[in-house]
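The same chain A turns up in both complexes below, where it pairs with chain B and then with chain C.
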Partner chain A sequence: MKKEQAAPVPFPGFGRLQRPEVGADRASAGANRHLTDLIAGKLLFFAALVAIAAVIFIIVFLLRDGYQIVLETGAWNFLAGQNWNPAGQNPAYGVLPLIVGTLLVTALAMAIAVPLSIGSAVFVAEIAAARTKAAIKPAIELLAGIPSVVYGFFGLILLTDWIRIAFDQPSGSSWLAGSILLAVMAIPTITSVAEDAISSVPREFREGSLALGATHWQTIKNVVVPRALPGISAAIILGMGRAIGETMAVLMVTGNAAVIPDPITDVFSPVRTLTGTLGIEMGEVAFGSTHYHALFGVAVVLLFITLAINSASRIVISRIQGPQGTARPTAHRALVAAASRIAHAVSAPFGGVVSPRTSQRCAFFLISLSVVIVLAALGMILFGIVVNGAGAISWEFLTGSPRDLGRAGGIFPAIVGTFYLVGGGLAIALPLGIATAVYLIEYTAETPLTRSIRAAVDLLNGTPSIVFGLFGFAFLVIFLNFGISLIAGQITLGLMILPTIIRTTEESLRSIPGSLREGSYALGATKWQTISRVVLPPALPGILTGAILSIGRAAGETAPIMFTAAIFSSRYLPSSLTEPVMALPYHLFVLTTSIPGASTQSYGTAFVLLLLVLAIYLAAILVRRRYNREKVM
Partner chain B sequence: MDESTILETRDLNLWYGQNHALIDISIRIPKNRVTALIGPSGCGKSTLLRCFNRMNDLIDSSRITGEILFNGNGIHDSLADVYAIREKIGMVFQKPNPFQKSIYENVAYGPRIHGVREKKALDRIVEESLKSAALWDEVKDRLHEPALALSGGQQQRLCIARSLAVEPEVILMDEPCSALDPIATAKIEDLIIRLARNYTVVIVTHNMQQAARASDYTGFMYMGKLVEFDMTTKIFEDPGEELTENYITGRFG
Partner chain C sequence: MAGKSLSNMAAVAVAGTLVALLMIAGCLGSEGDSVTSPSQQITVTGSTTVLPIAERAKEAFEANDASAAIMVSGGGSSVGIKAVGEGTADIGMASRDLKPEEAASYPGIVRHEIARDAILLVVNPENSVDRLTPGQVRGIYNGTYTNWNQVGGPDQPIVVVGRDSASGTREFFSEFIMDKEDFIRTQEEFNSNGGIQQKVSRTPGAIGYVGLGYTEGVKALALDVDGTAVEPTLQNITDGTYPINRPLFMLTDGEPGGLARQYLEFIMSAEGQEIVASLDYIPVQG
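Showing the complex of A and B:
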């Protein structure tokens, strides 16, 4: 009870009470709320401490084990070695082919995705009628949520075959297959963010150009797109991050030979990416061996790539927020110049020769074509899965256990297992993440310390999910001796979504104007009363959206659970947290890659997983839409 | 001035980081009167206002020396409870800042956080406060609609009702009409004059006519200093300082 006495006593001289009947109530509220305020502050502080410690621990853990490989083989041999062969007689740990593989797959994927995405974004933002826009925009956002293993499944059964036959190759598993698949995956993300950037260009800019007699296309090309360029660049960087971090889809279609294509432009050559290497080799590595350290080295390389991408996007975004109209730094000017040069080069064949009207017609044709290609590709995937998958659905399939290695029976344990994994991950990450964000925004000033915490959170936020899988496997499964277990998977998924939840909650809190906080304080509210009653309620829809998107991501991820929690084909549900568990994405992965003759079940599993994840994303979109409508009122 | 003093500062100095925003301010705010603070932008009048209920505590870089007394007690004393001080010294801000709640909940928020739970008591406080703020007739049939659906002037009167609901002794107003149209401004000015029967009002304003119309006392501030403080009639008719005269006759600022 000491604390209660230590709380400041009400200010002497405040005796005036005009309403005695409520006076007694008030006096007792005084001491209590001080105590509540104190306890809430302390709890938030400890939650933030735990979350931040976890974030920093993961980074240090990866760096420490990754550094070992530099000691064992030398930095040069590791980074520039042309041979990756951990299982050979003379094991070699040269990571160069993997880096080259990652860069090639990503570069070609971007070359395919960027024009199509920007074309689609321009179409949705500028050309489409309001009703078309209202239909296409949420559809594209939904597509961004399709789990990567579903894309991988599709790529493995259709894309690689098509490449093998169409280009007369011995195998379709190739750089090209990986790039096409990654492009299809990145398109919804890039389109969605780029469309936001284009739509947010103020109308006056368009009107200014149109009032001079410019055509719609001239306005888009010369005024709208240059103005939206920082946002478009951020979209491209985001899509690139997603492509580099992708594990399952590329692992399933690139052939995974650790070679540098010869010649370097041979798109039919198999390649192996950094993430794919972790996905393939993590399960069979001996704890503490050179190979083990080499895999951590690979994870650290991925960490540095993420860091580079984050820094690039931060620079781009600071351009957006930077003062308008003042001289921009040269990098940005070069970007703008390059973009306009590309735009001119594209339109040059029409430019001087044809009239603006014709050039507009050509441009709009190309833009519409890109939309058609995108919708056709995504529609084909969805259509294939829905048509083939719906046929596999039966009562037994949904409620039974798998038999004959998944070729018969059902996927009930996998459905429930996915719920267990996601629920556990959320139970860990949601309270910690929200508390951390509240503490960072409401209790701390902007100092170098909070800035570095934010940078660390951002770094983990962009880190490929397979790296979390590696951490969970090395630390939880092996070091803490949890074994392959439900709890290890839950913690790994929880850590994976923690940075996302922290960041989205922070954004949401930041959007609550400071004047509301002041209004509450000015009435004599304590800090906790202000946070819990004035700040959190309007921030809730934003926090909720972030949480739901995290659930969707966690439900669809394979990489973090495949070596920490998941088993294939179990008849029973786990009876305790220490037992392994089935999960939909992992089930689909194994069915597709290792079990011949289970294609009906694969389609069925893909269909169920797709429905589950899309339902979750749809919920997020609906929450946000309702919130936006309320805001307009 | 032989009125009884409710708020007083003695040699008050305030810094925002390196910026010396208030310099040796000594002022006595008379009880149950309207006191206006005028002066050009950046002269420190809003900063001084925010000192009275310790809102500057929320700005990390701020630093204060000197004394501020409320009913004779120092508000920075180690025993002083900042929350109780703000309960007794309410504030209305430049831009209306209703919470994202219903009209009723906005007004009930203050009493609730100070421990009033009974529905009846809350209902009565809400009605009384809205009536005092001259808003009751306009909103009595839609108390449970979102406060953000009100017009700007109504929102500002709601914010005044919100601060009345916790029974303050003093209401600080930081340019409460600067975001409002002339009709809404006139309503708020009427309200201020009526409030002064039961409350002490300190108002910061850019609008000289407003100060002349609505206030009993006026302080003129310039570059962080209180240049002159006297009866409003005296300040506007026969200012003691040349600087004051130049300002109110519009020769600068």
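Showing the complex of A and C:
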């Protein structure tokens, strides 16, 4: 890292401090040094306070309005009520069908996604040739960045029709459609994280196993995968979180009937999820009504589900990791033994009939098949969008304003609006997030207070984006009366990515060895000098990757902006923060769901949005790759 | 403060990229015709049902008067009422009348009925049914009839499609057809007319209700009123023979002035009402 070439020194008076030891006036430099240290500490503390206050405020705000519904209908009627019918003669606000819908859609999605993802991860990490791996791995990572509204667009156009015809059902909008779509969306995430876990299993494990005469498949099954289990579990939980929190794609394909499937295994029944309910009912609900409070209750239920998943993941990972940390060899042997017992039990019916070689052949066939299925599904979506979308791209489309409800003209204001929204969100979240993380890691000891702050940040980190949309709508748009405006959208997006930025920055700061800090202090550097010159520079790539991934997420999200900032059509670019803006994901959503006869424009918008988000993710991958290479050298 | 400049570097790198992109975007824009700075400006927000009228009227209005900027956004009737009541928008749009609590909070709101919206029953074009009595419609939506052969159609399960429970369209439909009786719980719900239209056009057994403008790819049913089939033609809707229609409002806080008044006058003018008709709403003037 070349410090001298970095950005110009912001304040001329501090210029001397770049080299305090060669400063002309050492005494005053020393005094300044400590003053700076003090100011920096206070500023960081203040930023951390603001960020933490925001995080806690969101949670309290949701709980406060959500609690109203408990007062109005009773907790039992709300949570266990079988009927969600806010518009009925006798309005009913039972969320049980929504909870069941969410759980069913997520469970089936995981049942589809987990085997395919782990198969793909094993293929990429263990079986694929180096060159194939180099091509497939970044491709799968990029696919994790496809905005959900793009998947929803595809689900609406192809998937529901396919289900209706293929299974001879009256309607294709169903639990199954939602699950397939969520599975396709979760696969890249799970595969990518699981592959990292499998690849990080030390080479000696494989060599040892092969040397003992095990086949390649036996090695994978009994040694590598058990060893990578914590990482794989984390991957599954991450994918599950994404599936539960997904709003737009699900909303577009599940039919949104608030019923519990009857019988409960009827995958062709329409279902409604918690997030989908917020997505379709938030915009028209009368402020302060019981229905309004019920929607907050739904958000709180989502918050608790997130909490449950977070806790479960922590327990699972610590269970598996715990013993390994202390007594690795024994625990490892035990795990392998357990895994092989399970494998024996599973293959028992085949008894001695199946030779190791045959079983390897079968296993590899299934694994390759899973990769083929995954790549085919994702390839089909990409191919459809690129082929149909590229044709819609023209100079007018990219630089013009929409006409005739988006059926003609261009999407230029939407492209610019997306940049405004993301730029503003980042301008809010990046300084606050980095400062908070620095303060938490460098200035505080591990106390119950910091632990609860971290828990709050984690909770919001996994919270579905539609919940942020609800918060932005209720607090910024309605309560503070910002109206549907650019600033409301920017703040909402900023709050949404704030937890991610705090967490990724914390992770990269934590990865800096304590010895570096101690060395810096030993040389007489102040705390701030240590942080700014010793700790932050090597942590920068990690922080940047986190920031870029947040940009990608913010650019592709529809749910947080559709009730806070986005308008469907505008000839002008916004000239102030109080004006609404167009945005690509929202434009695509409206074109797809509300404007008949605009399929060319839909494909074109999807294509542009896809290019934009994928470019951002590509940047993140490149930054990380460069950083990894530097580390090796 | 080399370190500070380093942490700055992160911010500068990211901000720089964004600024560069914005500048590129800005340059592209100034080449197009889309970006000029307006001198007079109003905001219009609210119901997505009224949105197309506001949007088209805005396009025509701005074509006549280049100095005017009218910002049209959606968000729903509640947002429109709240925004105009609180003064954050100049004009609110609502596809329903004010609720009692809303009227109490904002006594100054003036309603302008700018158009009417008919609600059509639509089925898939393959469906042989082409008329239903209000009683049959109610039977379908409350779950009494579950197969088309119960109402004179083919042997095919009925897929009931409707609007979300916060929708003004659903509220109106519920009062008019259902007499506030509950809908069948397996009704599939969409939050836009277009969503219902798409669903019905792709699903042979589906029935839905949409605004007048959403009939591409679907078949609008005639309403069987006392034995006569009333087609939902513009004529029948305008003279009230086809009974399912409701008013659409623009709202202002007190009597409007300036650009807001000109804009509303434009919508109520012959040209404005022509726009209303061209978007398949029912004109209220002329």
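By our rule, the second predicted complex is superposed on the first by the 577 of 633 C-alpha atoms of A that agree within 3 Å, B and C clash if a C-alpha of one lies under 4 Å from a C-alpha of the other, contacts with A are read in each partner's own complex, and residues count from 1 in each chain.
Following the convention adopted for this analysis, a residue touches a chain if its C-beta (ideal position, glycine included) is under 8 Å from a C-beta of that chain, and two chains touch if they have at least 3 such contacts.
Please read these numbers as outputs of a predicted model, since none were measured by experiment.
In the superposition on chain A, no contact is made by A:Gly208 with either chain B or chain C. In the superposed model, A:Ala258 lies in contact with chain C only, and not with chain B.
Comparing chain B with chain C, the partner in contact with more residues of chain A is C.
In the overlay built on the shared chain, the residue A:Gly379 is in contact with neither chain B nor chain C. Residue contacts after overlaying the shared chain place A:Arg533 against chain B and chain C alike. In the superposed model, A:Ala445 makes contact with chain B only, not with chain C. By the touch criterion stated above, A:Gly524 is placed in contact with chain B alone, chain C being left untouched.
In the superposed model, A:Leu516 lies in contact with chain B only, and not with chain C. Applying the stated contact rule after C-alpha superposition, one finds that A:Gly391 touches neither chain B nor chain C. When the two complexes are superposed on chain A, the residues of chain A that touch both chain B and chain C are 8-11, 14, 17-18, 529, 533-534, 537. Across the interface of their complex, chain A is touched by residues 1-15, 18, 21-22, 25-26, 28-29, 31-38, 43, 45, 48, 51-52, 55, 59, 62, 69, 71-79, 82-83, 86, 88-89, 99, 101-102, 156-159, 164-168, 170-171, 174, 180-183, 185-195, 197-199, 202-206, 214, 216-217 of chain C. By the touch criterion stated above, chain A contacts chain C in their complex at residues 1, 3-4, 6-11, 14-15, 17-18, 36, 83, 85-89, 156, 160-161, 164, 170-173, 251, 255-259, 269-270, 272, 279-289, 291, 398-401, 403, 405, 412-413, 415-416, 419-420, 422-423, 426-427, 430-431, 434, 477-478, 481-484, 528-529, 531-534, 536-537, 540, 543-544, 547-548, 551, 563, 566-573, 575, 579-580, 590, 593-597. Of all residues in chain A, those touching chain B in their complex are 8-14, 16-19, 21-22, 25-30, 33-34, 445, 513, 515-526, 529, 533-534, 537-538, 630, 633. Listing the residues of chain B that touch chain A in their complex gives 53, 55, 58, 60, 70-73, 75, 79-88, 90-91, 93, 95, 97-101, 109-111, 113-118, 121, 146, 148-149, 159, 162-163, 166-167, 169, 172.
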